[in-house]
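Chains here go by letter, A, B, C and D, matching the order in which they are written, and residues are numbered from 1 within each.
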Amino acid sequence: MSEPASEPILVVDALSGRIAGQQVIEDIAFEVPATGVTALLGRNGVGKTSTIKSILGLIERTGDVRLAGERIDALPTHRIVQRGVGYVPEDREVFGQLTVAENLRLAERDAAPRRELVERLFPDLVARRAQRAGTLSGGQQQMVSLARALVNENRLLLVDEPTKGLAPRIVDEVAVALAEAAQTVPILLVEQNLRVVRRLAERVVVLSGGRVVFTGTAVEFLDDEELIHRHLGVHDASEAA
Amino acid sequence: MTRNKTLWLAVGGVLLVVLLAVLPLLAIEIPGVLPGPTYTPGTLQLIAYAMLIAALALSYRMMFGLAGLLSFGHALFFAAGAYGLGMTLDAFGPAEWPSELIFLGSIVVTLAAGFVLAATVGALALRVTGISFAMVTLAFAQAGSVLIRRNPGGATGGDEGLALDIEHVPGALVGVLNTRNLYWVALGVLVFVYLVVLWVEQSRAGHVAAATRENELRVRVLGLRPYNVKLLIFIVASVLAAVAGMGYLLLQSGAAPRVATADFTLTLLVIVVLGGVGYRWGAIVGGIVYTLLDQRLTALAGSEFIAGLPAVLRVPLSEPLFILGTLFILVVLFLPGGIAGIPQRIRSGRASHPAESEEVADA
Amino acid sequence: MSTIVLLLITGLGLGALYFLVASGLSLIYGLMGVLNFAHGSFLTISAFLGWEVGRRVSDGTWWGLAISAIVGIAVGAIVAALTEYLLIRRLYERHIEQALVTVGLSLATVALFEGIWGTDPIYTARPEWLTQTTEILGAKIPNDRFLLIACAVIVLGGIVLFLKRTRYGLIIRAGVENRQMVTALGIDVRRSFTLVFAIGGAAAGLGGVLASVYYGYVSAHLGSVLLIFAFIVTVIGGLGSLTGAAVASVLVAVLQQFANYYLGGTGDLVVVVALAAVLLIRPRGLMGKIA
Amino acid sequence: MTDHAMLSLEQIGLRIGGARILEGVSLDVPAGQMLGVIGPNGAGKTTLFNVVSGVVRPTSGRVLLDGADVTRESIHRRAAAGLGRTFQTSSLFPALSVLENVRLAAQAHAGGATSLVRIPRAGDAASERALECLAEVGLEHRAGAEASGLAHGEKRKVEIAMLIAADPKVILLDEPMAGVASGDVPALTEVIRGLHRGGRTVLMVEHHMEVVLGLVDRVAVMHHGELLAVDTPEAVMANPTVQSAYLGEAM
């Protein structure tokens, strides 16, 4: 696919993260171009979620992280988000006691939130405005979580395993929403469903052992059985197919 | 820890105990810290009291620091020791029995009662964890405190406190002239409590308790029941508190209802944190520093120097608890390892103690 | 019958006091995980300053009481907000240390109050109506009970409206569930910490002034006594639940009154037993969130 | 080896709130078998382990350990009855030494672990046993180190040593390779193989396919809280349903 046309929106260098004093990622360096979807791949436990959380300052971190050229690695989480970073966490993390409408209202940062966009993408949520988010299905909760990020004008979206544990039909809906979002905002996507990756991502960054081991285009990676085998260890399955 | 270092620590400890034991025979003066030379009853009384509080703090630290049990009811067991012994001495024994037998019998009865109380409260309170555990222990202690103030059947003396009935107390432990003996009793209590705590911490149960503090689920998947170990630690710590309480009754010739209050437990917490939760001797240092400060600040509050100050300074400075409370806040904010953590802090340049990472998590 | 009515309404009045203290405790714990031992001190300082100002303006009149209440609310809010800002915030996310700091603060401030106002209770003057009684179903109810109940209902309603209708209320409700996710939506959740402390402090401040009406005196230990019961109420109601705190306040206070009357003054003991029982049967309290 | 089921799951279901976490999971694991459990994130693998080890009670179904119904038993009773497990994130007791960690497991197995009277000493039976177990995973030289100071791969090995010391009949390994540097994988694989060699029954959740395929006798595939297939590794890998579940869809 296309090479990054302009300045990358996010530059990560020498990023290390710790949880409860324990190093979980070490010396991570990669870039997210200003357009399209960049997938962050790697086996379970390799530190993908920790990388996202480190960028956001949700866990203790050191390193050099720049959003559109501006250092953000010393900022508290809410300031990073205020600079235009949308976040869709692993496991949705909707506020279960709050209604769908309240979940969305809480997320609105902009003076003119993009409510129509959200309503168009997730018509299901409009019907369930007054329902408590905790009573929604997993797929609907994922819609809420995505909608919370999409309701604002962002410069970057960090999306962590949006299809985890979802039924195939819902996976499709999520992918459609992300594809639409990617038209206007660059996305850093953690995803284990390689089909979704193939459909959405232009570039991939692969982690192993807490470090970046591969950076390149999605096609380059996904078409290389050897690379997939080496870094994700799921190669045997597709070969046997 | 290397064998050599352990040996040196043991030798140092024995020397310290010997020094403390001969203190009443010496005339050491530390102006500003002690009210007078070390052979005088007033000074001995103060140091003895400090040692009993240190012993109590040590037992509290075993629960909080070793097993991670944040109890707000430890005062209950100290009070149980003090009031238990006082009430048994009052009520117990036909006069024809020899006094020594009654005295020893009373101690045994009090210990047994303390054990039963600890086992009951512990068995119930440990069914919950975290803040809930703290609250159940607080509730039981509060019940004890209410009972003592209520003075059922005139047994506890209510707000007036309970005066020690000296009829069956050995003569050597009664009166100002015998303060020296009471001092040695207090030293004995402190050494006894220290050795028991040391033993428990080194024992298999102690290791399991430490493991439980760090990861209870992990202990359970090993096939062990954390409840049993925590109950064990709770009972031992509580009975030790009762032992210190008995020493307190003898030393003070009575018991005040204050020692049963939640405030008193909070004071213990302050002492342990002030001294340093991560260290056994932190509790001892905390207990002694706290008691001496409390006493000396009270003396200072009554001094002419303070009386001459303007009200803005005079009022706060004449309240020892204000100064101690403030000091405590400063320690928590700026000295997380407590007093005992200072050397470690200087060595490594960073501070930590075992309880630091634990959160008050609701069960 | 009249005894039961009297006990019920008196219990409601006492429950109102408990609620004014417990509402703040519960919100603070729910949002921040901080067990605030200094909450009693917020109440005491408000009671003292409210009384000091009120008696200078107009002692023993409604006007004076109103001034006292306003001063009490303001003092409670300011002192609580300062506590959060200067002490609690420095120990962000370290819950044990945060609780310890409030323990230190409570010890220090009670001592300070004793130094300033002495250890004995200071009796206060009240508007005359409050010292009289009203007969309901044959029971002579002291009028101050009605004032307490009315104030607590207003406070409860106010807090509920605030939580339901305002953006900050929304942030607080979300924060009680998942603080980290609130910050990840670009919201400075710490500002709502200060706010919650201020609200809790204001409720406690009003509680302090009303406690001086209920008991007829102010003293350095006013807050410490109520705090113990407020803790009990908070835990029984479920930490973090405002409704739970309200329900438990009434239950505890009414239970206490009935036990005091029918079981020979054992109210305190019965409450303590009730706490132990609730925790052992239902550790998260009546309406607490699942931890 | 007999082929009676050492561990049986009968129609396990779990609902939390309205969400269906597990549904109709039935599985027999014969004694001495090693079973791999695979499936995408969120499929319910770890939850299944939690149900088996007693951390979570199922809303329906039964768990049988060596023929005995343990569905209502507590965690520690199941463990005492011969069920051992590890966790996804390494979970040693960080402030205790490596030896103390393993010794706790050895004592738990031998009994008297919570004795107040006995003080553990170098050279006593439990310490010796702990050292043996550490030697089996090649970590006896780290016995004195504080557990929190170990490298990640070493921690994993200590956990295995604890399992050896506790000598369980059935072992649940939850992603033993997670976070382990790829260079350490072969050594750790060998350690796991050793664990199985004693005739123990082992269940293992793992994303490292080459590890799973090299070790296990059978593979169970989970998806959306259900068991999709249980078969030999080769057959499972050739199964198109598994393909699409695991990789989204065959590419």
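By our rule, contacts are C-beta pairs under 8 Å (C-beta built on N, C-alpha and C of every residue); 3 or more make two chains touch, one makes a residue touch a chain.
The structure presented is a predicted model; accordingly, all values stated were derived computationally and were not measured.
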Most distant chain from subunit A, judged by the mean position of its C-alpha atoms: B
Chain pair showing more contacts of the two, A-C and A-D: A-D
Mean-CA-position distance for subunit D and subunit B (Å): 44
Centre distance in Å when subunit A and subunit D are each reduced to the mean of their C-alpha atoms: 31
Between subunit A and subunit B, centroid-to-centroid distance (C-alpha), Å: 54
Per-residue overlap in subunit D, given as positions that touch at least 2 other chains: none
Subunit A residues counted as touching two or more neighbouring chains: none
Numbers and ranges of subunit B residues touching at least 2 other chains: none
Touch-based graph of the chains, sorted into line, ring, star, complete or other: ring
Pairs of chains in contact (touch as defined earlier), listed by label: A-C, A-D, B-C, B-D
Subunit C - residues contacting subunit B, complex: 33, 35, 37, 87, 90-91, 94-97, 99-101, 103-112, 114-116, 224, 228, 231-232, 235, 239, 265, 268-269, 272-273, 275-276, 279-280, 283-284, 288, 291
Residue numbers on subunit A that touch subunit D, as the complex places them: 21, 24, 43-47, 91, 134-135, 137-138, 161, 163-168, 171, 192-196, 198, 208-210, 222, 233-238, 240-241
Footprint of subunit C on subunit B - complex, ascending: 70, 124-125, 127-128, 130-132, 134-136, 138-140, 142-143, 146-147, 150, 262-263, 266-267, 269-270, 273, 315-316, 318-326, 328-329, 332-333, 336, 355-356, 358-363
Of subunit D, residues touching subunit A in the complex: 17-19, 40-43, 88, 148, 175, 177-183, 207-211, 213, 224, 234, 237-238, 240, 242-244, 246-251
Subunit C-facing residues of subunit A, complex: 56, 58, 76-79, 81-82, 87, 89, 93, 95-98, 102, 105-107, 109, 148, 152
